[in-house]
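Please read the structure below before turning to the comments.
As written, the chains take the letters A, B, C and D, and residue 1 is the first residue of each chain.
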Amino acid sequence: MSLTPEQLQEIDDLRANQQPTCRVTVPALEAILYQAVPLLDHGFVRVIDYMGDDGAIVQAARVSYGKGTQKTREDQGLINYLMRHRHTTPFEMCEIKFHVKLPIFVARQWIRHRMASVNEYSARYSILDREFYIPTPEQLGTQSSANRQGRGDVLEGEEAARVQQLLREDSERAYAHYTEMMNTDEEGNLLDPTRSGLARELARMNLSLNFYTQWYWKIDLHNLMHFISLRADPHAQYEIRVYADVLLDTLKHWVPMTHAAFRQYRMGGVHLSAEGMRVVRRMLAGEKPTQEETGLSAREWRELMAVLEENGEDA
Amino acid sequence: MSLTPEQLQEIDDLRANQQPTCRVTVPALEAILYQAVPLLDHGFVRVIDYMGDDGAIVQAARVSYGKGTQKTREDQGLINYLMRHRHTTPFEMCEIKFHVKLPIFVARQWIRHRMASVNEYSARYSILDREFYIPTPEQLGTQSSANRQGRGDVLEGEEAARVQQLLREDSERAYAHYTEMMNTDEEGNLLDPTRSGLARELARMNLSLNFYTQWYWKIDLHNLMHFISLRADPHAQYEIRVYADVLLDTLKHWVPMTHAAFRQYRMGGVHLSAEGMRVVRRMLAGEKPTQEETGLSAREWRELMAVLEENGEDA
Amino acid sequence: MSLTPEQLQEIDDLRANQQPTCRVTVPALEAILYQAVPLLDHGFVRVIDYMGDDGAIVQAARVSYGKGTQKTREDQGLINYLMRHRHTTPFEMCEIKFHVKLPIFVARQWIRHRMASVNEYSARYSILDREFYIPTPEQLGTQSSANRQGRGDVLEGEEAARVQQLLREDSERAYAHYTEMMNTDEEGNLLDPTRSGLARELARMNLSLNFYTQWYWKIDLHNLMHFISLRADPHAQYEIRVYADVLLDTLKHWVPMTHAAFRQYRMGGVHLSAEGMRVVRRMLAGEKPTQEETGLSAREWRELMAVLEENGEDA
Amino acid sequence: MSLTPEQLQEIDDLRANQQPTCRVTVPALEAILYQAVPLLDHGFVRVIDYMGDDGAIVQAARVSYGKGTQKTREDQGLINYLMRHRHTTPFEMCEIKFHVKLPIFVARQWIRHRMASVNEYSARYSILDREFYIPTPEQLGTQSSANRQGRGDVLEGEEAARVQQLLREDSERAYAHYTEMMNTDEEGNLLDPTRSGLARELARMNLSLNFYTQWYWKIDLHNLMHFISLRADPHAQYEIRVYADVLLDTLKHWVPMTHAAFRQYRMGGVHLSAEGMRVVRRMLAGEKPTQEETGLSAREWRELMAVLEENGEDA
């Protein structure tokens, strides 16, 4: 992360400027408002604004005139009930807005979640920063053999060094040619007065997918949990998972009851298939079913056994 | 259901008019196209059009130039994989359009599913039919005591008869006053030339929520399965559940592989909470946990035990 | 509108409870927060919460670290630009939540706007209030002859009285039978201990479409303007238009620059067809085209001439 | 465009395989089904499937049992009415599916349209083709001085040659390093058996934004027209505009009445602001208003005068 002193000052100014409101407020979220949580080598996540709290979910579920019940136990019980029974609309009543800086290839996965609002920094209009993502050595995974879509072991020694070198050199060169084609430096100052300079909307095509972009992203709590459940999943690519983990942590500050219910009933829960349930019932009845006897594929069987043997800790 | 001879003729005409196409076709769905499946006392569901089949899901998942693999086993395997891992976008590549006639109170639940397109018969513009829903005696449930949102036992004898009588009389009267206020009969013919007649958009407010409306409803396969999973659920109100059951049956004609995967991994599957899984693991280890020892509420415990003791048949 | 003393007290409590926040605040909107604006005979609109202001639109459009420019003129210029060029995503960065009480037939039109979040009071779970809409005499329009979907002149004397009487009597009777069937009074107290009572989810079907329901409704500023542009339009039904007018007034308190741009470029603007523009150009060139010479229908011609001859006042 | 003989054969097979259907068919669209329309240097658009036609719009608007009116004049009149009055839901009743190959920077603009379904070729799972976009000399625009977001004149001589050379060399190098890091050739064959190879999901980040990707894209007619109206606009970037132009041409084959109405009332129409209309009215009254007298900015005045002086040809 590389915020300029000017940007840090703007953030401090916003944080210092407290105003009275009769809206619902969440002190634990106010405490971190506007501050950038650093991610990867140049990325960040900042909470910019929010609407609602756990009580607002209760209030909407009951269509009441005042607040939620204000009895913690009842509110938690109702939120658990809504979560278990997939009554999702009350969770839509809370909204949150983030400012995110992220590599373009991560942004391309992220944007597939359509139920959100986005304003991205425009490379037609502005010049992108000289910032690109280079994975650390421990992230340089090989192609997974078990899962065609994922990583296996980590590259070693010379091969790892070579990958980092290629990524770095190509990125540096791409950016140098980007500015050369536009005939400007990073700040937009003219380089060579005898040349015209290529339009920004064209020059940007020379940048690679590890360059950073940034956007404002606004989403309701229901859709945010859906995003987290897919992107904080172990099958998600590491580079988006670290963002999802920060979003999940934000949830804990913002709506602690919903966060607890989400961990208990969604993230920490398990979905068993009809056949998977039959196997469990047979095992509970003392039988010892084998994969061959069931309708489960080898992979499904492996996944089922893994789930049944876990040590009981939350994922 | 009460289609006029003219309407039945229009349906026959559409069914008789076969044209060649090089699009994907599904003979089992063509066989029932346009035909009205009767529901409740005056409702129906008709399939009007469709796009795609099981192969189109495979084709989109692979972004291929031709069809799906055409190897049934591989296609089924991929569809199972997509369903298990919540890769939902390939299922959005199939689309279906229905014509539905349904009571207004059912329509009000139905419309809450926003990811669909709807054109409803306009009571600002046209006159509604004299058709209203009267539940059969076996549907006259009492308010459930276990579940504040649902039905318990069935009303008996005199009380049941009284309910049916009240509903019928009030509906008849409401419709009579509806036409009287508009100063037209059901066909829109003027009744009393000395009167002006109230605008249709106002007169309709006298009709009760059991009157039938109708609409064209278009939805993709992913969102259709979501609708079915919520509305064919035992917790859904009977009067919408019967519609969801017909939609589920349509799925079987249209996309049999997806239907099988949906039954196996979604409708027939079970979601266990983090704590629920801990209980299962302890039971498999030979322990006999009690509700008090766990973090489960009495209701959650009951539901968990019910799931573990089911006789293994698909819901 | 008929809020109970208890409800009014809850509203006062919320208004009295000010907390500090470093989020963006809008004093002009805080001043009316939670208060019910009465509409029709029993309806209301209350603002419950909001996120963002005019500056937040500018901030998102620029993906900046701090606030909007804080130079009023520049901010208004950018907002005008975004509005004129249909750059709609920055307007999605503001969000607002309302509590609305409205007749069911209005709710049925309202809900057609899918890009919003709704939690409606549940008549499966709770008992609806004895409140129904009876139009005032000046709203008892006849069916329009010019426009098959709308109202013409107002009913007179006896016919108007008869309509009001029918609506009132039928509504009273429907509610009486609703509670009789449930075997409870309005508060849910048992009436006859020897009877079981029909489930609420069934009994409600006897209520007519003029009964009031209520909901929490949350929407972003872009979609709110779309709603207003369609529902505050003279072609919209009066009973929803009065709600849209209140929403438009709320806009003025909340985002005055956006409100001004919306009046100037959307609500007050006119869309001319390709052929309509040709007519205008010919007229400016001193020609006197007639409808027959153009490709315009009689109705389009009439509408065009009306627009060109308006006295220049904002709609 | 560079389809392999195998891909062309798959397309021919699909086109040759006609089946009977009683769904609505559009012979003019069947005639081009599956065929790739080439775009830019390696891109294409192919129609894969469709649902509905002009008649289906009429059918849904009327919620009828049979087809549209089958009287061409009435259908066109109704479609014009729906288009003029923004009754958009009947247009949602038609759906179309495309297979598109496009540069990644174009895909990033395209995906901002959320009301569509997309399945993109996965670079986590598969290896991207060695295909990248190099603008032709006549597309090498300079940064516009009038409009900070767009292109002005075309680069000349040496500067143009240098830009093409840089883009080409950097793309070639990026791809070579992409395969080197994965330790495979384009077909996925292992290069050096002593190396492990970087995971595909990581290696892809070295590719630049001018590389081609491809996807299946499904959208309804209403949202397709919205896409076209924004992306076939002269303000849109050339590289997405050429795609929007092909989509517009597809509309002409598929729904000719809707296409005509869209040209007449949307694409060819003009939206005038409240103040713009006041100026037009004054001019029609023989006045000669100047910009200074009005509330219009210099830019708005210029745009208004341009619109009023156009030679009357459709855009």
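We take it that a contact is a pair of C-beta atoms (placed from the backbone, for glycine too) under 8 Å apart; a residue touches a chain by one contact, two chains touch by 3 or more.
No experiment lies behind these values; they were computed from the predicted model shown.
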| item | value |
| --- | --- |
| Required minimum of steps from subunit A to subunit C, each step between chains that touch | 1 |
| Winner on C-beta contact pairs when A-B is weighed against A-D | A-D |
| Separation of subunit A from subunit B, taking each centre as the mean of its C-alpha atoms, in whole Å | 34 |
| Subunit A-subunit D separation of Cα centroids, rounded to whole Å | 29 |
| Where subunit A touches two or more other chains, by residue | 89, 112, 118, 122 |
| Contacting residues of subunit A [partner subunit D, same complex] | 103-105, 108, 111-112, 114-115, 118, 122, 124-125, 133, 135, 139-144, 148-153, 155-156, 159, 163, 166-167, 170, 173-174, 177, 180-182, 195-202, 204-210, 237 |
| Residue ranges of subunit A touching subunit C (in the complex, touch as defined) | 3, 7, 10-11, 13-25, 30, 33-34, 49-52, 56, 59-61, 63-67, 89-90, 92-93, 95, 97, 99, 117-122, 214-216, 218, 220 |
| Interfacial residue positions of subunit C with respect to subunit D in the complex | 77, 80, 84-86, 89, 112, 230, 235, 263-265, 268-278, 280-281, 283-284, 295, 297, 300, 307-310, 312, 314 |
